[in-house]
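For clarity, chains are labelled A, B, C and D in written order, and residue numbers in each chain start from 1.
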Amino acid sequence: MADGTFVNDAALVAAKDLRLELRSRVAVSQVVPFAVLLLVIFGFALDGDQTTLQRLTSGLYWVAVLFAAVLIVQRAFAVESDDGVRDALRLAGMRPASVFVGKAGAIFVQLIVLEVLLGVGVAVFFGTTLTGWGLLIASAVVAAAGISAAGTLYGVLTAGLRVKESLLPMLLLPVLAPVLIGATRAMGAALGDVAVDGWSWFNFLAIFALIYVALGLFAFGPLLEES
Amino acid sequence: MVSETVISLRGVVALLGRFPALARLDLDVDAGEIVLVRGPNGAGKSTLLRVCAGLVPVDSGNARVLGHDLRADRRVIRRSVGYLGHDTGLYADLTVRDNVRFWARATGASGADADAAMVRLDLDTRLADIIVARLSAGQRRRVGLAVLLAQRPKVWLLDEPHAALDENGRDVLDEVLRQAAAGGAAVLVASHDHGRAEQLAHRSVSLAGGHVHSVREPGGTGVFGG
Amino acid sequence: MTDTTTNPPGAGMGAPTRSGDDPRNTASKGTRVFGILSLIGIGWLVALGLGLSPDDQTQGDLVRLMYVHVPSAWLAYLSFGVTAMGSIMYLWKRSEWWDLVAASSAEIGVLFTGLALVTGMIWGRPTWGSYWEWGDARLVTTLVLFLMFLGYLAVRRIPADTHVRSRRSAIVALIAVVDIPLVHFSVKWWRTLHQEATVLSSDFDPKIDDLMLFTLMVGLVVFTLVYVWFMLHRFRVAWLEEQLLDHSLADAIEARRAEAVGTGATT
Amino acid sequence: MSNWGYIIVGWSAAAGVLGAYAVRLVTRGRSLSRRVPPERRRWMG
């Protein structure tokens, strides 16, 4: 019974967030264009040199994902801090851990979509040939899981604060440094740019995701409760 | 059944920051009772409702809602408590129907309950598929009320519920509250709008300085303080 | 509010002030002892580190920078360890006392972390030929640590209820502390798996001269003494700040109830 | 080769930072102490 409601509540929250995105289209109309714009800006900054861009693809790709992820997290919690919604969410009596899973799940889905579109973006703008699909997809998925778990934790922490615009990236980006390193290495390995064992980086990213999901299940409640 | 005490507050102190918004407040509300909470701005009306909903922690004193000690755990009661504050707690970018369904299911009610509540508040036709951001304040309040109705709480806590509603909305609200009380729920209404709420309430208490200043029993005269 | 100012048993933060102490400052007998020991120690450290100890065979006289760099780095990690412990104890005991310990230690930790970074970079310039070396996992980890704890202090500065602030910052500290090993391993594997990087760690030669080892030990002890002295004073400053905000709850309740008189509320 | 320039800069940075912080802590403590009534100054409770 209890586990049934846990999954139901998480699914309910995730479905609500995704529906909210479908109705408002903030991610589609603002975050995705922003992420693609970043790729274009990297092109300008690096002199439009395709060889350089191809060599740096994995790094630039993940920097774009990280910046866009900050915006997705911000949006995901902006909707929870409007007009007494935070009170309502606390009063609904759902278990905080299931709300965490639901919020993180919706962010995860949006990140996956973003990663796919940015993958197309680097193929088009940088002329990168995407190879090593197994590792590429697997590492992108676990990296997205880690980013959404850590992002959800900091998102609920900064939601409703007046300084959230600068505080969220300041807190989130240093914590995500290992994800940036790991995901960049794994992608570099998949693309054959660097001779490293990409799967060990996949394992590393999976450990990161596990740790932050576990931390989120425990810490999301206290952070949501505080007024 | 009628004399069962649902809310029991004894010497309750609740702090907002370091400010004692409630200063040794005593109040009992029985099942089936509608109690009006009056008092000037800053008297502690909203804090009282938020304490009863388990949103604001009790610092000292004895607070029980539905038999649960709020100092021990203020989360257990939440599904049995319906709270409508100044803010309606709706997602601005979702439609009325999405909002009512989501919150009904989040509080453990069914989709059918949500649909019935929307019919009752006349939200099922013209307004159902409009996003909440486009609604007027009164319409939002109606949606908030629909969520409460779907939830069917044992304790209703309403902060200025008549504000922003039109005449028809107020009639529906009064009827909903009377029915809830008749069904054994305890209803606590904080209001400035005494005329309407006085008629509705079985009893009114007057709050000032964070405690109950005076109590007017049923059949009191029409002299309104405040 | 009622039990926030109670202290956990056996938690020693120096001697309590007695009426004989100067009431105008945060010093006490305890801090004076640590202060005097620190000053003596600093004299020793300067004499040993800059004068008496010999040059290293490989590093030359640059080894003298180690006597401030290594203790700073050690204290950076010790301070954040104390912050982590204070945060966990706060979440467990719910005593503001532990939160103030965590806060005090974090601020001092940022100081030592900054110092470790600066001295590391000054050492790196003649050694590596550049101020920064991405291959040095410790240096990079320390930088990330520094940034995370700047975030921690930023969270603490947000105006909020005492309980809210304490709980929020305790969780931020935990999130950051959990990340430290991950950062360290990722930076380490990042470079070593990548290329034959000449990873110059700040380790000492194992065949270290006795006097050099002794000087380093003196450095560690002296910096730790300075840390303790800082902690005592910083904790007391934090305590006084809380006292300034706080006022007697009983008085506040009476004042609040008295508002009812004269508001025109009917009887 | 002599690196005394780097060594002096490093040691002075340490001395400067720690010294400045110590001074600031003590002055901050003094100014706060003055504003808190004596009976509330006991940090050990």
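As a convention for this text, contacts are C-beta pairs under 8 Å (C-beta built on N, C-alpha and C of every residue); 3 or more make two chains touch, one makes a residue touch a chain.
Owing to the predicted nature of the structure, the values given are computational and were not obtained by experimental measurement.
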item: Graph distance between chain A and chain D, where chains that touch are linked; value: 2
item: Whole-Å gap separating chain B and chain D, where each centre is the average of the chain's CA atoms; value: 54
item: Centre distance in Å when chain A and chain B are each reduced to the mean of their C-alpha atoms; value: 38
item: Inter-chain centre distance, chain C versus chain D - centres from mean C-alpha coordinates, in Å; value: 13
item: Chain centre separation in whole Å, for chain C relative to chain B (CA means); value: 48
item: Multi-partner residues of chain B (each touching 2 or more other chains); value: none
item: Per-residue multi-chain contacts in chain C, two or more chains; value: 161, 246
item: Residues of chain A engaged with two or more neighbouring chains; value: 227
item: Complete list of chain pairs which touch one another; value: A-B, A-C, B-C, C-D
item: Residue ranges of chain C in contact with chain B within the complex; value: 1-2, 161-162, 245-247, 249, 252-254, 256-261, 263-267
item: Residues of chain C that touch chain A when the two form their complex; value: 91, 144, 147-148, 150-151, 154-155, 158, 160-161, 163-164, 167-168, 171-172, 174-176, 178-179, 182-183, 185-187, 189-190, 193-194
item: Complex contact set, residues of chain D against chain C; value: 1-4, 6-7, 9-11, 13-14, 17-18, 21-22, 25-26, 28-30, 32-36, 38, 40-45
item: Contact footprint of chain C on chain A as seen in their complex; value: 150, 153-154, 157, 161, 163, 167, 170-171, 174-175, 177-178, 181-182, 185, 194, 196-197, 200-201, 204, 207-208, 211-212, 215, 219, 222-223, 226-227
item: Residues of chain C defined as touching chain D within the complex; value: 5-7, 13, 16-17, 23-27, 46, 49-50, 60-62, 64-65, 68-69, 72, 108, 111, 114-115, 118-119, 122-123, 125-126, 226, 229-230, 233-237, 239-241, 243-244, 246
